[in-house]
Amino acid sequence: MTDSDQQGSERVDVDRQTGQGPADTELTGDQRRAERRAGIALVVAIVAGIGLFVVYFSGGQTQIEGILFAVAFGALGVALGIWANHLLDAREVVEERHELTSGPAGRQAFEDALAEEVGPVLGRRSLLVKLLAGAGGALGLALLLPVLSLGPAPGNSLKVTPWRRGLRVVDENGEPVTLNQVPENGFLTVFPQGHEGAADAQTLLIHVRPGTLKLPPDRLAGVPEGTHVAYSKICTHAGCPVGLYRAESQTLICPCHQSQFDVSDGAKPFFGPAARPLPQLLLGVDEENILVAQGDFTAPVGPAFWDRGR
Amino acid sequence: MVERSLKYVDERLGTASLARKTLRKVFPDHWSFLLGEIALFALVVLVFTGTFLTFFYTPSVKEVVYQGPYTPLQGTEVSAAFNSVLRLSFEVRAGLLMRQTHHWAALVFVAAIVVHLCRVFFTGAFRRPREVNWLIGILLLFLALGEGFTGYSLPDDLLSGIGLRIFYAVTLAIPVVGTWVTYLLFGGEFPAGDIISRLFVFHIMLLPALLLGLVGAHMAILVLQKHTQFAGHGRSERNVVGKRLWPEQTFKSVSLLLFTTAVLALLGGVAQINPIWQYGPFEPFNVTSPAQPDWYIGFLDGALRLGPPWDLDLFGFTISEVFWPAVLFPGIAFGILTLWPWIERRFTKDRAEHHILDSPRDTPVRTGIGAAGLMVFFIMFLEGGNDIFGVLLNVSVETITRILQWGILIAPILTFLATYWICKGLSRTRLHPAHINAGVRLSRTADGGYETTSLEPTSSDGEREPTRTGG
Amino acid sequence: MRRTAILFGGIALLALLLTPATGAATSRGAARAASATAAAAQQQPADSPALNARGRELYQNACASCHGPDPNGPSYYPDVPSLADVGGAAAVNWAVRTGRMPWKDNKGPAIERGEPRFNEEDTRALATYIGKAVGDTEIPDVDPARGDLQRGRELYGQACAACHGMNGAGAALGGQNIAVSLQDVHPQDVAEAIKIGPGQMPVGGGLADYEFGTAASRQEVDDIAAYVESLHTEPFNRGGAPIGGKGPVPEGFVAWVIGLGILVAAARWIAGRG
């Protein structure tokens, strides 16, 4: 018995390469039982397989198909597992490990070869090699240039939204929102007219109870009748829409990370990971009693970024 | 006929001797060495089901009107991506089965990688000469996370869209280059329309290419270096004791492949997962509760919920409060994980080659640190589901958050100490729950006397080593 | 004799142990059924003095100890709201029929639903009496069959989904507040809750321009009720067992415990005694 491993050798009691394993007539009782069990498992697998055909061609049904696949594959797996553990004449085999390293001699030979074959080529052309490195660097960087085409320059786009002075407040279907349309304790998601659905312009219009707002006078001036206050709907933490309004306590909670904002107090966060209040949108009312914006938000909306403060 | 085909191939590719050598290779037989294979076979299921899904998916955010059989959505404008996944789920025979099997396979894939990683860590299998394979393994973990995240964001539903929004905020929170990186990655301000088609490219081309290549390298190195083994009778640093690749290990591996497929198909059929028709299409101004990502991203969600509201102003520049839990913490944690072989070597000064595995109880410091690390992640997972656990346990989310904020500082220390103490105790007694206990066999001699035989604790291969004592 | 005693004892113990389980399983269904019959009975406004008297008697026995001797007046405790402006007869209907009232001694946040403690007659009596006393006797009339399912889904997404979940799963709202699961509620519950705005829920349920009594608002409520009904009909859970319908958290749990659990057991079996 030869082995192509140079250093490997095996110590096994029985030369399993020449034998075909034990003859069928010498099956032990345990092996006969195992064979029977494996056989049953295989029959189950066949039946389940046929079942799959039946189910599929009669219209299919997700749950039954899943179960039949599981039974078919599982039974086959059981059969092979029984075969592996009981029907193979499995003995433990010992295999020697060979050295992983080439050894100092091998590495020395590699270094010599490198010096012999690579050295002369580059060694005498040091100026060319340096210029080659330079060219490689310049071109390598240039190859990265198309990456910059993947997106526009940020500019100040994160600091502005479509809201402008005089733009009407509309709902997501474009219908203008009039004063007192939203009932007391109610809320509505609104947008600037012409930009319905704009992600950065999404605003929560909340009709709070009279006398409950604690805002400084310049902010209160942007709250028609002292009750219609509007804040950016984009959470200043990670940007989820803060749609959960708790009418009784006049507070908002963001479902993503449970930041909570006090609507009566300028939407300041009082619990959770958010660090900055929701920017306010100052509102006014036009001659048709429709709510209009007095300008963009009081601060950049949404999560913080590096140059937010500049 | 078989002989002639084999001869045909061998004459052209010289496969016969390589095949013979490979099929005779010995692999040790412990069940915990099959955990990596569970991950591998989950990947096989992912590739097969994923290919099927690719034939039906449209990676576009162009608006179309849904006309399919799910009544509540009929007539609604949805993205072509969302529409294609709905059609696959409701109008393609076995479509929903394939889709759900694919998603369950993703969850189990990452779970199997994690338990495999734990086995490798706690037994010290990352030590020389297997540091490179450790690095490849960590990389595979990241690729799996990336595949999962990009994958479940493809249907463009409300829940995964919210997740993308949070990912946008996380990349924004990277100091100095965050805004640029985000704009280049997404293609502009959120919700940049290009993101779905870009995620598609990552999910079916870039990441799978890296994943499959690295899996190949991972297994090639394993075959080249031979598998590690636990200490035991006849085992040494210079050999491998086990069963051959053919026939035993092949049968066992194929059996495990079949079991993996069976379990994933079962879940895919009977357990509903990611029912996007319930969530509806993504609109950037809509939200749903509760809002969590798939489990393997859950630690990040929990970290964000735990994070303190500290944003920093540095001369007009802002460090977002998102930076600490979502950029700095994962950077440090995964950095430590990646560099662990070298970190450990610095302290143990152990530069020797190791092919015999440690018993976790014999390395109490490493085991303790590993347990503490797992506790940190476990607490984050708990916090990620704080609103669901709150309803389940009748406790407010604020209470859960406060407890876990303190917990994440205290619990890992306690876990380390407890684990260390347990390891030391187990080490002393040398008892193992899976071994038959040492005992004494009492037997009668031929002349009527008694003989006691002390039985050593058995090793896992079932061999006993009786040693005679007096009679 | 002893064996018989043991046998019966065993059966009794088993019945005792299983009752909460079956009770829990059917309580929602039973509550819905109770809601259904009670709702049907309450569609007609009742006006008999006998009913009013019965209502007062029930109120004095079951409610006055917390809510005060007069429904229109202050309650005895700061935590307990006066019934003067909680929504009138509709609020009584909603709270009593869903088993929230009379208040159970529950330890956790939010008042839990449960089996209704009064039958339909008595519920109607209470609603009549209290409604009259506070001056709000209107009970909403809702019919999902009249509703537009697609419009209902749209309205639900705007007004309800943030708290209750697009699939009605419900969520914690911070503090002692919970938005309940809507996956198994009766349309009458939906209509009444929208009218009265219980707890942190605003009156109108967050629907813009909601005004009880107008045709437009009634249509909107019918639409939303139609969508809420669709949350427990078959295509909704086409993928199989919904595992709570709470999304990726229970899914992850199943993947680890069942998925990986079975596979690790399989690995141990396959590896044999190796």
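So that you can tell them apart, the chains are marked A, B and C in the order they are listed, and the count of residues begins at 1 in each.
The criterion applied here is as follows: contacts are C-beta pairs under 8 Å (C-beta built on N, C-alpha and C of every residue); 3 or more make two chains touch, one makes a residue touch a chain.
Keep in mind that this is a model prediction, so the values were computed, not measured.
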Distance-maximising chain from chain A - centres being C-alpha averages: C
Selected interface, A-C versus B-C, where C-beta contact pairs are more numerous: B-C
Length of the line joining the C-alpha centres of chain A and chain B, rounded to whole Å: 15
Where chain B and chain C are represented by their mean Cα positions, the distance between them in whole Å: 40
Distance from chain C to chain A - Cα centre to Cα centre, in angstrom: 35
Residue numbers of chain B (touch at least two other chains): 29, 96, 100, 242-243, 252, 255-256, 259, 263, 267, 269-270, 283, 286-291, 386-387, 397-398, 461
Where chain A touches two or more other chains at once, by residue number: 62-63, 66, 77, 81, 84, 172, 189, 241, 243-244, 255, 258, 271
Overlap residues in chain C, where contacts from two or more other chains coincide: 158, 161-163, 171, 174-175, 179, 238-240, 266, 270, 272
Parts of chain A lying in touch with chain C, wherever the complex brings them together: 62-63, 66, 77, 81, 84-85, 171-172, 177, 181-189, 241, 243-249, 251, 253, 255, 258, 260, 271
Parts of chain C lying in touch with chain B, wherever the complex brings them together: 106-109, 149-150, 152-154, 157-158, 161-167, 169-172, 174-176, 178-179, 227, 230, 235-243, 245-256, 258-260, 262-264, 266-268, 270-274
List of chain C residues in touch with chain A within their complex: 158, 161-163, 171, 173-175, 177, 179, 197, 199-204, 206-211, 238-240, 266, 269-270, 272
Of chain B, residues touching chain A in the complex: 17, 20-21, 25-26, 29, 93-94, 96-97, 100-101, 129, 162, 165-166, 168-170, 172-180, 182-192, 224-226, 234, 237-244, 247-248, 251-252, 254-259, 261-263, 265-270, 283-291, 301, 304-311, 313, 316-322, 325, 353, 355, 386-387, 397-398, 401, 461
Footprint of chain C on chain B - complex, ascending: 28-35, 37-38, 69-76, 89-90, 96, 100, 104, 107-108, 111-112, 115, 158-159, 242-243, 252, 255-256, 259-260, 263-264, 267, 269-275, 277-280, 283, 286-296, 298, 384-388, 390-391, 393-398, 460-462
